[in-house]
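The first chain written gets the first letter, and so on, giving A, B, C and D; residue counts start at 1 in each chain.
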């Protein structure tokens, strides 16, 4: 089962700056060899279900290892059986319908 | 790693009523023997990481099997290393601080 | 436009315990006179769109006033034009379809 | 109060393809003159709280007007009092800490 997720990992109890933890998650995702796109409020990741979810677990492990006593993650998960869709296609399917100014 | 999640599975392409699909997910969660609480916009589930995530995957499989060509799930994931916390404690920690009228 | 939301306000930079801030939000929601249900990973609130969103804004203001320099909130928003649905009906529509064990 | 949101509007009861509705929301956001970035699982928007939330409401109105009887939106909301942060800075604060391969 192919999956596209959007994930935002928030460490709690490490102060105001969370970018080191988010960068560590980017490293985990990158090392897994999965397609991904960082945006200003999370990261899109796509791939086989088990591989993607293993990365999510590894992110929690790594962020705890960095000293965060608590993590709250927000995630969206998209699967479809009618066809496989990739990250860039999802964006393209919308922009193709959007007037130029956007 | 103990985890508390909040999950809301939304089948797309099955019409306006999604309660049969949500009920099927409740059945999956119940059969897994995990602590869970249904609310009006999702379900809290707690347990060991791998068991909880196996249930999430099973929900997607079951809802696709019911005919939904597309699913979008929203999920929050909470882990902590300072102590294990259970569903009812999380609610109690807030209500203990809330005036009676609420 | 009637709306049902699920809201989870997470203060960042205030340490590990966030229950005082969540309790303050419960107070804001309760004082607004809106139907609401606390669960282990958020709160369901229903009412007219503008009233509900005013409460969301007030929660951010109050939590900042308590000293949180940063907040990340996760929210789901449900509207429908086919009929008005209330919090307890949403739960009932699922439990009516769920075997007794759940 | 300056806010950054991530919003994903999901129409229910309109079939499998939701890109026309997402494109309509992009148009609403673009016409409001707010900074925004589309990604594969939502859109980042930033601006003054009331302007951003007015856009969220307008998206629901427009998608209902297109015939969707039901909408479920997932949204994250970030505010901070320590400093104003913009969309591209949030991405840059992470990528500056991420090894080249990502």
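Some points to look at:
Basically, a residue touches a chain if its C-beta (ideal position, glycine included) is under 8 Å from a C-beta of that chain, and two chains touch if they have at least 3 such contacts.
Given the structure is predicted, the values throughout are model-derived calculations rather than measurements.
Sharing over half of its contact pairs with B-C by residue number, the repeated interface among A-B, B-D or A-D is A-D.
Looking at A-D alongside A-C, one finds more C-beta pairs in contact between the chains of A-D. The centroid of the Cα atoms in subunit A and the matching centroid in subunit C are 25 Å apart. Here the CA centre of subunit C is 19 Å from the CA centre of subunit D. Centre to centre, using the average C-alpha position, subunit A and subunit D are separated by 16 Å. Multi-chain contact residues of subunit A, defined as those touching 2 or more other chains: 8, 13, 16, 69-70, 72, 74, 76, 78, 80, 82.
If you check the complex, the residues on subunit D that touch subunit B are 8, 10, 12-13, 15-16, 18, 69-70, 72, 74.
By the touch rule above, subunit B contacts subunit A in their complex via residues 1, 13, 49, 53, 56-57, 60-61, 64, 68-82. Within the complex formed with subunit D, the subunit A residues making contact are 4-6, 8, 16, 19-20, 22-23, 26-27, 29-30, 36-42, 44, 74, 76, 78, 80, 82, 87-88, 90-91, 93-95, 97-99, 101-102.
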